[in-house]
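Structures are listed in the sections that come next.
Next come two complexes built around chain A: one with chain B, the other with chain C.
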Partner chain A sequence: MPNEPVTVSRRDLLSLIGTLSGSAAMYQAMTSLGFAADSGYKGPIKLDGDPKGASVLILGAGLAGMTAALELRKAGYRVQILEFNSRAGGRNWTLRGGDSFTELGGVTQTCEFEQGLYLNPGPWRIPRHHRAVLDYCRRLGVALEPFTQLNHNAFLHATGAFGGAPQRIREIKADFQGQVSELLAKVTQQGRLDELVTKEDRETLMQALRSWGALDRNYAYKANLNSAEARGYVKDPGGGLTAVPIPSEPIALSDILKSRLWRHLQNFARYNFQTTMFQPVGGMDMIGKAFVREVGEVIRYDAKVTRIQQDEHGVTVTYTDLKAPGMPQQARADWCICTIPLPILGQLPVNVGGRMKAAIDAVPYSSSVKIGLQFKRRFWEEDEAIYGGISYTDLPIQQIAYPNSGYNSGGKGVLLGAYIFGPNAFEFTSLPPAERIARAVEFGAAIHPQYRAKYENGVSVAWHRMPFTMGCAGDWSEAARAEHYANLCQIDGRIVLAGEHASYIPAWQEGAILSSLDAIARLHERVVKA
Partner chain B sequence: MPNEPVTVSRRDLLSLIGTLSGSAAMYQAMTSLGFAADSGYKGPIKLDGDPKGASVLILGAGLAGMTAALELRKAGYRVQILEFNSRAGGRNWTLRGGDSFTELGGVTQTCEFEQGLYLNPGPWRIPRHHRAVLDYCRRLGVALEPFTQLNHNAFLHATGAFGGAPQRIREIKADFQGQVSELLAKVTQQGRLDELVTKEDRETLMQALRSWGALDRNYAYKANLNSAEARGYVKDPGGGLTAVPIPSEPIALSDILKSRLWRHLQNFARYNFQTTMFQPVGGMDMIGKAFVREVGEVIRYDAKVTRIQQDEHGVTVTYTDLKAPGMPQQARADWCICTIPLPILGQLPVNVGGRMKAAIDAVPYSSSVKIGLQFKRRFWEEDEAIYGGISYTDLPIQQIAYPNSGYNSGGKGVLLGAYIFGPNAFEFTSLPPAERIARAVEFGAAIHPQYRAKYENGVSVAWHRMPFTMGCAGDWSEAARAEHYANLCQIDGRIVLAGEHASYIPAWQEGAILSSLDAIARLHERVVKA
Partner chain C sequence: MMHPSANLRRAFTATMSAALLLLTVPAYTQGAGDPVFSPGYRFAEKTGEQLFANVCRACHMSDAKGATGAGTYPSLAGDSNLVSSGYPVGIVVNGQRGMPAFGEVMSDDQVAAVVNYVRTHFGNSYQDAVTAEDVRAVRR
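Then we have the complex of A and B:
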């Protein structure tokens, strides 16, 4: 019955497409058929098969290390973690009032934030497509709330533009989009798009540009209620006899172009920053703490690894107990999962092969500084109607981020007063913490003059001076990826590396967890087949 | 010393600009100087002066009525509210399991949602620039959480496009923006923009289009890691040895134009829908309930107004006690603030002047239907990674909105399964509630096939059938505004109207509150000066 309609399930259809056309086509088809196939994470890992009593020593109780411990123990392995710090989590870290930490160089800071306020000096946001992080949050009971990346009412600021006055993001965004639409509509009307777009499409394009660009019926972007509905009003529509709105005057495209504020618009469009993003309620370390509830008893804290030595039968790790230095300690297991950040690992004696060794040395860590500032009142909300989100500036502080919780509640608040990368980060790292904070207050006052009167205290984390990472995250070049990435991730004898540096998503927790899951899957396969 | 620099405070400068150039210029200047001047709300209203024991009868315990009661009582007035329903809030309303209500026509629905789940059948989101609503939330202790309007991972759906398959918003958004940028870059390179943009600006424009449109170095928008960083991947970057990302294939501009899905993009750009938006934690009626904590004792519930009669000395309102119908009751006060929706007010005998009477009759109310659907599991999160936000479709249901709380927590969930305006709303209103719900499930299954297996129960509110409003909100035409708006808002003898219909922000709670504040300010002025 060759002409009868055939009912095929979506799954069968996918499998057919996969067979006929290879995996990329299949993935594409899966996406169009509505499956959320974009993540490499396919749900809780299944490590079937008998580990035969094998033991695994895990170096580092960050998210990569604790993920490995949790899953391997569940699969029947004996596991132990050695952790440098007196706490778990690694860069999954939240600073609250009373917390203290010491930088390389010896300066100790004690955070003085009021109760309930905090700073996430490391990761602070979770994209919705970071399926592994989200799944562990669900499994471990970590409550999430939205993280606002794009707040239309936050600022874009360039020292040399608009007399130094910060501009609302909505204004730059709407005015750029509106005037780009106006230009394209003009050339379309002039017949200059005739070779590029069909006649039928040109008519629809004009409609689309008018809608999308908030153009008027003459395809112009100018001060009227249309553009006000995109960029905002001078006076909003109101109620009663004082209700008539006043539209605002767009910024000329030429001024936007010269200001270079358009550079920041892509920060709101990028895949990793698209809505909906999350943060754990109460601080990012709620994730680390949830892992500790599961695997806390296998973590040995204050253990500074000094040597990693493998032989045919296992791995011996030498470490110093930082609370009782003296005789070096040793731990031994059949296998070792090492999540130690590369700038530190590269300095340790580790007898891995030349390829992995070269890979370890090939990846510099980016420099980054975060500064948290406590203020007497939430002036950004009360005076400027900025609730969450980020302002961008060309000042060395680069970003000011507003808290994504406790909205509209009055009282004190903590801003991320600087989030610095690149040369500015090296410069700030070289300063004593108090000086970093003073500069953040001084620079920030150019955007929020309330800083000077309302500032109370601050804390600063310069990642290159953190003794447990000596940097922010793995900074892979394309060339290094091509030459070294596979060598970094391959199991070398009885040692395998994991962490954000062993991923294509450096600096993100998802990279740490996915690299760990990939590493333990391969390790387990080797153990089961042995 | 005429050449010495003068230090002027921002406030003095503003006042100078105001004096010299009138209020529009001053508003504009205020905005550029960083004041959040855009709202008509300037903080808690101050009603100075002695009301001399005057009494005010308020009709309707919605937000307009309760705002008036709260502020007038604080200023020394004697106030009473008559409310038709057995609850306060009016359209500020949340449906939870166990709640029941009866439509015009007599059908009663009882909501069967599981505990903790709810639907806001009326207002459901609060823009950050609705300063009056936010200020009352702060003053009355209503906790807020973000409302997600734009979720890049939600769907746009057109029955006749892409074989009926829903498309991710991020794909349509990025592909439209990318290809518009590509077109404009092309004509710029061809010299076709030379008369419109200066040479210097053209170079910067090319850079901006490349950044903003996710173009490659040849200013092309096509499948590569650039465009993937805007529209998403077929396979996301991952960790370990399975980490390499696979970019996705953009949708051709011509297909986007023909699909007309671009129409929906403006829903995410409009001023009222820009980030950051809010919802009260636990349901929109938390605002109404907070007002009731303040003014509950002056509300007489179940009071159906049948006549409003003013004379030189006061206003007499006749009403029926719906719990004990029989003899009509009367209430009298020196003044009356009437917030009764116009479709109902227009049917009552009210002795106001011809102008106000004509205004009352000039404003039809829009039709709208909301349908809440409870499902066995949150498949939109678990299967499709959609956390909050809204999918748009050309099906009669028009929108599907996902809950903005309880993210990633598993368990059951309630979707807004339809949010309907226009002709579809009239059509749905004419159906019995069970039939409306059945259709919402049927239509929704075209976007989420999981609907059929996971649907549990539903509830439907057709605003034209709600006896306390007989419509969704005031639907002002430009012509009606010009002729009738001022007449509607003017005090007529001893009666003044308030509510979202007496504002330029119909259907928004801010309109109700601002109209009320404007009305009581004028009323108070009259009382004090009398």
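Then we have the complex of A and C:
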């Protein structure tokens, strides 16, 4: 038909792209055409078909376990959960005044925060593309508010740079950008890019550098009202007779490079940390509590699993009732979804095949410490105009994060006074909890001198000391993933594993939920086809 | 969460290794017996005593007797598994189950020092000291 316009359906286009360019390109195209979701989450799971009264025993009432319980019950399964702690949620956890917990080694801490203040010792932020977590929050009525990852007014700090004075993120970011732009503009003007960039592009590049780097008309990055709009003023524009603004002096490129403060800028650029991020209003455990409203009646608390034994008909789990130890108890079901963290699961007698056993043993857990500090007043807001966000430092505390709620309200506040990984995490974990807190106050005072006078109380969670995880999160090496990941996720007889460790986004709640949905979808297929 | 994903670990490694080049960054040490806070991605502790007190103690506890929760950190006190020196060296370097591998964050000398310390303390008295060469031999 000669006059018909040439059109291609989206499906034809996608299959063409898939044929020519492979699945990665097709997925990319699907995303841009609105077909695919960001994290692989495809909306509420549909478990069609009759499970014929099948039963499932879930080990662990964290987000992975409770997701499985919620969805399997809805699909018609008989479900029970065994949980080690006296509460649900696992690492989805919030500490408030009056909460107490005992770490390995026997020290009990009681949180003394004022009412309304809290610390999220585990997960504390939700990226915009973690669609499964966001969807469960929506479905379960968990209210969200913004989590500020980048606050330009927070600090970057290095002990050996700028006399130890913390620098505003805004200044380091603007100056690094401005100085690099000036440098590139100079090189371009000297003709040294002539062989790399066309004349037309060079002209556009110069415009872009001037705009992006806040350069002047001579392509220099200098103190003036234009650069001040990026890096800030010595004196802000005001009103009346004292209104005249005074621009601030940029930091020289060499000083920025030597300070190494640039290394923190990636924390605002990386995919997982780009805006918008969220947190549940009132604490991260609002998610766990919302799940408990749905599945709480099937959770047996204080149940320490000691053995997992499968046969051709089902799975028998032996456990100790920690509130009434004595005779071992047993629970049995047709199937078992095990979310027990791998350092613990690796020690249990579990009759799975050699491949899954090797996978369980192949993943150590990272070390991490969080410390919450309550202060008499919100000096970071009142004195320094820091409302939410994170300061980064090369001190062992590594980060100070400011509360993302209750702004400008006066009164007391709780900071995340340390969020530690790497060697410092082992070193902090080795200290008694009270000394961890004292050290966090001492180190933090280098950035906020108000610490010393305004500190009131604190609480410290060292994840390797937590009896229910014995570590922070699965720390996969690329080699271990290549060799063991698929074996960890396969259904072994009547047992399947789930949790952040069975995902490509370890340590994120999204990984826990996605692994759980993937596991129950495969399990359900098996049950329905049987 | 909590975000030490593989990617982040790589990023952390890269930035912290870069930081190591800055030799002016001090280890936060106040004196013998005080905690050490390593300035980079590798442990700065030198002696076996320091390494045990700042690293091993995190899980195995001050008395090396370990602890039990949902699982157990094994006791290293009076530990007959330490008879053969190659066994603890291999576990410290390469890890095993919940025990992280320290091979990339401790030198041969450090691994030897901490193994020798544990094998001669906490009710252990194995006198055949491990050398840095022994450690190098078990690195994969």
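Throughout what follows, the second predicted complex is superposed on the first by the 507 of 530 C-alpha atoms of A that agree within 3 Å, B and C clash if a C-alpha of one lies under 4 Å from a C-alpha of the other, contacts with A are read in each partner's own complex, and residues count from 1 in each chain.
What we mean here is this: a residue touches a chain if its C-beta (ideal position, glycine included) is under 8 Å from a C-beta of that chain, and two chains touch if they have at least 3 such contacts.
Here the structure is a predicted model, which means the values were calculated and not measured.
Once the two structures are overlaid, the count of chain A residues touched is higher for B than for its counterpart among chain B and chain C. Look at A:Arg270: by the touch rule set out above, it reaches both chain B and chain C. Of the two partner chains, chain C is the only one touched by A:Gly160; chain B is not.
Using the contact criterion defined above for the overlaid structures, shared-chain residue A:Ser515 touches chain B, although it does not reach chain C.
Of the two partner chains, chain C is the only one that A:Gly122 touches; chain B does not reach it.
In the superposed model, A:Ile505 lies in contact with both chain B and chain C. Contacts of A:Ala385 after superposition: chain B is touched, whereas chain C is not reached. By the document's definition of touching, of the two partners only chain B reaches A:Gln490; chain C does not. Taken together, the two structures place residues 260, 263, 266, 270, 272, 505 of chain A in contact with chain B in one case and with chain C in the other.
Residues of chain C that touch chain A in their complex: 1-9, 11-12, 15-16, 18-19, 22, 24-26, 28, 35-44, 53-59, 61, 67-73, 95-101, 105. Per the touch definition, chain A reaches chain C in the complex via residues 84, 91, 104-106, 122-125, 159-160, 260, 263, 266, 270, 272, 304-305, 340-344, 346-348, 360-361, 364-368, 394-396, 421-424, 426-427, 429-431, 435, 439, 462, 464-473, 475-478, 481, 500, 505-509.
Within the complex, the chain B residues that touch chain A are 24, 27-28, 31-41, 128-129, 131, 134, 137-138, 143-146, 148, 150-153, 162, 165-166, 170, 174, 176-177, 180-181, 183-184, 186-187, 190, 192-193, 196-198, 201, 204-205, 208-209, 211-212, 214, 228-246, 248-249, 253-254, 257-258, 260, 262-263, 265-266, 269-272, 274-276, 278, 383-385, 387-389, 404, 407-410, 449, 485-486, 489-490, 498, 502-505, 510-519, 522.
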